[in-house]
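Down below are the structures I want you to see.
Two complexes are shown next, each including chain A; its partner changes from chain B in the first to chain C in the second.
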Partner chain A sequence: MRYKNNIAILALLMILPAFSQAESPSGQALAFTCAGCHGTDGSSVGPSSPSIAGMDPDVFIDVMKGYREDKRNSTIMNRIAKAYTDEQLKGMAWFFAKQELQVSPQKHDPQLAVVGEKLHQKYCEKCHEDGGAPGDSGTLAGQWMPYLKYSMADYIDGLRPYPRKMKRKVDAVIEAEGADAVPALIHFYGSQQ
Partner chain B sequence: MKYIPPRSPVWIFVFLFTLCFFTPVQSAVSELTILGETPPPGFDPVSGERVIPNERCLKCHGDAHEKTDTRDDGTVVDIYADPEKIKDSVHGEQACTNCHATISRVPHREAPDVVVGCVECHRETWDKHRNDPEGKYERLGVVMETIESYYDSVHARPNKHDQSETNATCYDCHEAHDIGTLGSHQRAEHRLKNPEVCGECHRKELNEYKESVHGKAVLEEKDSESAVCSDCHTTHTIVDPESDKAKLAITKNCGDCHKGAQRTYFDSYHGQVHRLGYTNTAKCHDCHGGHSVKGEDDPTSEIHANNRLENCRVCHEDANENFLTFWPHGDADDRENYPGLWFFKIFMQTLIFSVMGFFWIHVFMWLYREVMDRIQGKGFIEDLNKPDVVYFRRFPAVWRWIHGLFAISTMALILTGTTLLFSHTGWAKAVVVFLGGTEMEGIIHRTAAVIWLGIFVAHLAIAISNIWSKRDTFKWFGSTSMLPNWKDWDDLKGMFKWFVGRGPRPEFTHWTYWQKFDYWAPFWGAAIIGSSGIMLFAPETTAIILPGWMFNIATLVHAEEALLAAIFLNSVHFFNVHFRPERFPMSTTIFTGAIPIEEFKHDHRLEYERLIESGELDNHLITRPSRRADLAASFITTVLIMAGLALLTLVLIGLMTSPA
Partner chain C sequence: MSKFNRRDFIRWSAGITLAGGSLGIPGLLLAATRKVVVVGGGVGGCTVAKYLRKLDPNVEVTLIETKKAYTSCFMSNEVLSGDRTLASLTFDYEGLKRHGVNIVIDRVTAIDPAKKSVATEGGQTFAYDACVVSPGVDFKWDAIEGYNAEVAETIPHAWFAGPQTQTLRNQIESMPDGGKVIIVAPPNPYKCPPGPYERAAQIAMYCKHHKPKAKILILDPKDRFSKQGLFRQGWSKLYGFGTDNSMIEWVGAAGGGTVEAIDPSTRTLQAEIEEFQADVINIIPPQKAGKVAFASDLAEGDWCPVDKLTFESTRHPDVYVLGDASSAAKMPKSAYAANSQAKVAAAAIVARFNGQSPGEPTYVNTCYSILGEAHGISVAAVYNLDRGSNTILPIKGAGGLSPMDASEEQRRREVSFAHSWFKNVIDDMMG
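On to the complex of A and B.
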């Protein structure tokens, strides 16, 4: 009898991995719940919610964990983020990373954008390469300008921790170009459509 | 076989086990999937890890306008890696993250530590390609050897201030982004940079090196032929410079360039001891300075005339001005610069070749004659039906003891002396180790020399005393006299005639001419070897009265004369006494003191007849030595002959393998 029980336990252990992965919705299904704010497949149509299509998956996870652990200033994302496991965040991250960013035209000052481009090349390009296109430091090019404005304000006001080295670059660009520096950069990113 | 019912849990187990192989979880080679999502572009589809292209790294690290970065704590770090150099190096096709394997994100979210492991990648690549037929990875075999050497080196040991780090690792010396293949410009540049690279840690040594002839040539004149650190200290087999291994390696490495100096150094006592593997004598850097080696014209040089004596006094505390005339690199083959040394070498070699040439011809012709005679049934043949009963007393006990001690001390001198002379051989090194090192060997050599000279002097005293006591009747050229006379000359000619079959075998008196030669040769030997040996015995004392170059002469003649004695005694003397067919395999007369009367009659017929005539023969006749005395004499003779032949073999090996 003991022999039979042992076999049954062993069999149960063998079958467990086969069933375990069916417990969570897919990354894609989870990502659909974000569409209300961040647009279909992550290409936002609203000015304050950032586009997350094509977003670097590690940046996505960093951001979500920042919200989940209340380390990043938010409106409601800190509440939403708490619902996800690490695995779910990764599934969503990989889904959004594979979506092509659909950029909506934004009203911008072309002259300011030209200044912004120069500043970007000098101060930002090494991390936000290719003019801030979706990459390993997030997405700036084509990002919604109001979102960028609020984000920069959060950084400058100390509400969002700067990534390594960014503070000294932001300080340097403001010191060099004054109050127009950040708007110029935002207009440059907004100008990319 | 036991029957298992169809509904048994065993079947369930088998079914589920099989099922496991078909579930996605078990399929190891397929793409990684997390919640139905595969990794996005830019990520490895199997591992899910980010793939960082080199261009992304070089965006920052390849910017020649911004070669440094300031860390949050204010420290400035060099972050530049020249993209062109990387492309041009042997690692040009590698991804940055293959070596910088801990880098998983760019831009770095935290200041990264440089964690690079060179060994495993090289080892794996070598294991994978070592049998490739095209040999593209052949050089990796050398890299494997250097890795092993590195692990044994002092650089691979934990640092004494921080045991979590080694003293130095691969990339402390090798600029990994700029490594070239054999013969490449990178390697040439790396060689010139070698002192600076080592000097990063070894600053004091670098500063000394900068002032040296080597340093000036390399660092100022960019002469890549001159010595850099690794030429002397080796590249990867670096050990504690105070260790014997390092000292031996450095001296050897000096000689890689300074071949002539090394050859003459190895001819000196300093060099002979060193070549045996011992470092207690002067080495290149002891006299010339290590890192600060300079020419003799430089007043700050350790070998400048004004500084040289002080240099000698490091070891020879009582050295006087005469030491300055010693030729540390005296070359007996250089007639122009060392005519005295050259002359003595020519003289000694002429002596060796003529003595050995003459006596070996004598030996071979004698051998030929005796063999021919025996074939024809002539000569002295022992009559087996009439065993020897009556013997002639040839040597009193004192001469037998003297010969025994003389033989043993001579052999001890040959063994210990030739280890220095043939220090290049493996046997010399083994003998020195067996004896307990060069210092012990020196003690044995000197002790044997004192015994040898003591016997020589004692013999002289006894001989003079004997002559004095018989001064009224003593005949200087009597029948038992050792002094050479015209009959010896006639006998010599007579022997050669006999050798070639043109005359009878000469008849001899008490001593034959070859026995007289054997007797008088040690007088010459004692004069040459003894006097030179005493000079070398106590150099500081010798230098009180003799110039330093006498050490060069003494070393040379001591060795050459000893060589002559070693070869002569263990070949010619052995043949004359033991190995010629009439005596073979040996004569034990020197230890029993007795010779069978028949043999005496054959070899010394004139003396025999004189004794018969004068009626003195009976005074010299004795009975056969006891069986025990005979066995003991045979044993001692056998041991000495075997030892002598072994020494002769070692000497001949040494001569034949001598570096040109």
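On to the complex of A and C.
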């Protein structure tokens, strides 16, 4: 009798996971749902939601956790990010990391961009290497300018925590170059196509 | 991934077949090319066509649509404020052709699930291995006495973006200052739940500058509507809602907002309690699935039941129904929902063709409304499938509305993200 019960319990245990543990959607399936705002495979056609194609996977995960935990100002992403588990964020992160960023041209002031390039080299290039190309400090080159503008405003207004060392650099560039420093940088990033 | 891929498998199995000589050439061809016929070139139809080709370039996709170009309903309220032209909402199908989708301009009369073929008014027939139907909505013309397709040419519904959107815009422009606009909202469920209320705001946005004495009245057969708190707040801030001098007024079911009849000659509406007369009337009739869904026996009641794991019809195998026409509770009838559902269906169809079971689905809806030049609001949800009840359930603790206490800057940003959403969703479906 006891033996039979054990068999029954064993059988139940083997069946149970199939019912209780819902399988997670694949990273691709999850990533496909982002395209309505961030573009097919994460290359946004603008004018303000950022491209996430080619994004460093660790940066992606950090950003999403920041939204999920309301540590980073947003209009809508904090509401959406709360739906995903760590595992699912990892799946999405790797999907986008493998996509090639398609940059769309955007209107910018070429003279301001030249100023911005010099400022970038002096204050930003050390972390945002190759002119801010996709890397472990995010994607600035070719990123949508309104998005960069919102991001910088949020850093300066204290609505988004600065990464290590960034506050010092932002304060320094504004002190040295004045109110045009941040717009110049944004026009430089926007000029890269 | 094994180096032995699907194409190798087909070659290998073809070799076996040829060696055995049992199936011969037709069997071989059938194995090599799977045909999908897509009925309807809106958000659901375009997205499924593009993503089928993206997920499996061996699938032959034919999309059949009546119009040569697509005009999006979403953002068409901006034509009413004068912020946008109809042309800016109109897109051709060249992008889908570049993805290898065959575009056929014709009207589908019916789908024959037994023969697995689609017939058109132009006399063409298309055989399919899977048929995806995304026809959008149709109107229940008998719901309001005196209102019909002919009357709608002068008293527009403007619920399909196109000539009627322009008619409504022209009528608002030519009414006198102090003129009155009535919007008759539909009962649930209908496509674009916040649409009538955004429309009121967009008309007010124009009137505020050009006809400051104008009034916009919404007659509603419902007592509650989508994003209600946010709409009331935005209307108050921008258009004096709730004051004696409000530009926008809303009468719900309890206040007698249900419209029963119209006299088009005097532009008078008979509502449950009293009559209303206006310079411009916009009637958005009650809705049901598009015609082809009924002609093809896909509907039960007003909408088409589907297995939400795949969007395959529960009435006919190998036929899938997407978007507004499907019964996809608890997703709303929105563009983002149709776009999201199309990707679930495309993946399920490709899995089926490759002899695999469908993956776990995931769905998202995001919907923006623009109430003023710098005032946007949104609702978002991420959903899972509850297989037991075949219900798409929003994930608890996530999604929801823009906060009521958002700053002006946040409301401004939502306008620019709304415009970003528009460009990206159009590009994702047909670019």
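What we mean here is this: the second predicted complex is superposed on the first by the 171 of 193 C-alpha atoms of A that agree within 3 Å, B and C clash if a C-alpha of one lies under 4 Å from a C-alpha of the other, contacts with A are read in each partner's own complex, and residues count from 1 in each chain.
One rule holds for everything that comes next: contacts are C-beta pairs under 8 Å (C-beta built on N, C-alpha and C of every residue); 3 or more make two chains touch, one makes a residue touch a chain.
Note that this is a predicted model, so its numbers are computed, not measured.
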Which superposed partner A:S137 touches (first chain B, second chain C, both, neither): first
Which superposed partner A:I156 touches (first chain B, second chain C, both, neither): neither
Contacts of A:E129 with chain B and chain C, given as first, second, both or neither: first
First, second, both or neither for A:A172, with chain B first and chain C second: neither
Partner chain(s) touched by A:V114 [first = chain B, second = chain C, both, neither]: neither
Partner chain(s) touched by A:P25 [first = chain B, second = chain C, both, neither]: both
First, second, both or neither for A:T33, with chain B first and chain C second: second
On chain A, positions contacted by chain B and by chain C: 24-26, 30
Chain B-facing residues of chain A, complex: 4, 7-8, 10-11, 14-15, 17-18, 21, 24-28, 30, 57-58, 62, 87-88, 90-92, 94-95, 97-98, 126-127, 129, 136-137, 163-165
Residues of chain C touching chain A in the complex: 51, 335-336, 339-340, 343-344, 347, 359-364, 366, 378, 380, 382, 384, 395, 397-400, 402, 406, 409-410, 413-414, 416-417, 419-421, 423-425, 427-428, 431
For the chain B and chain A complex, residues of the former touching the latter: 9-10, 12-13, 16-17, 19-20, 23-26, 34-41, 43, 50, 56, 59-60, 63, 72, 105-111
Touch list for chain A against partner chain C, complex: 22-26, 29-30, 32-40, 44-49, 75-76, 79-84, 144, 146, 150, 153
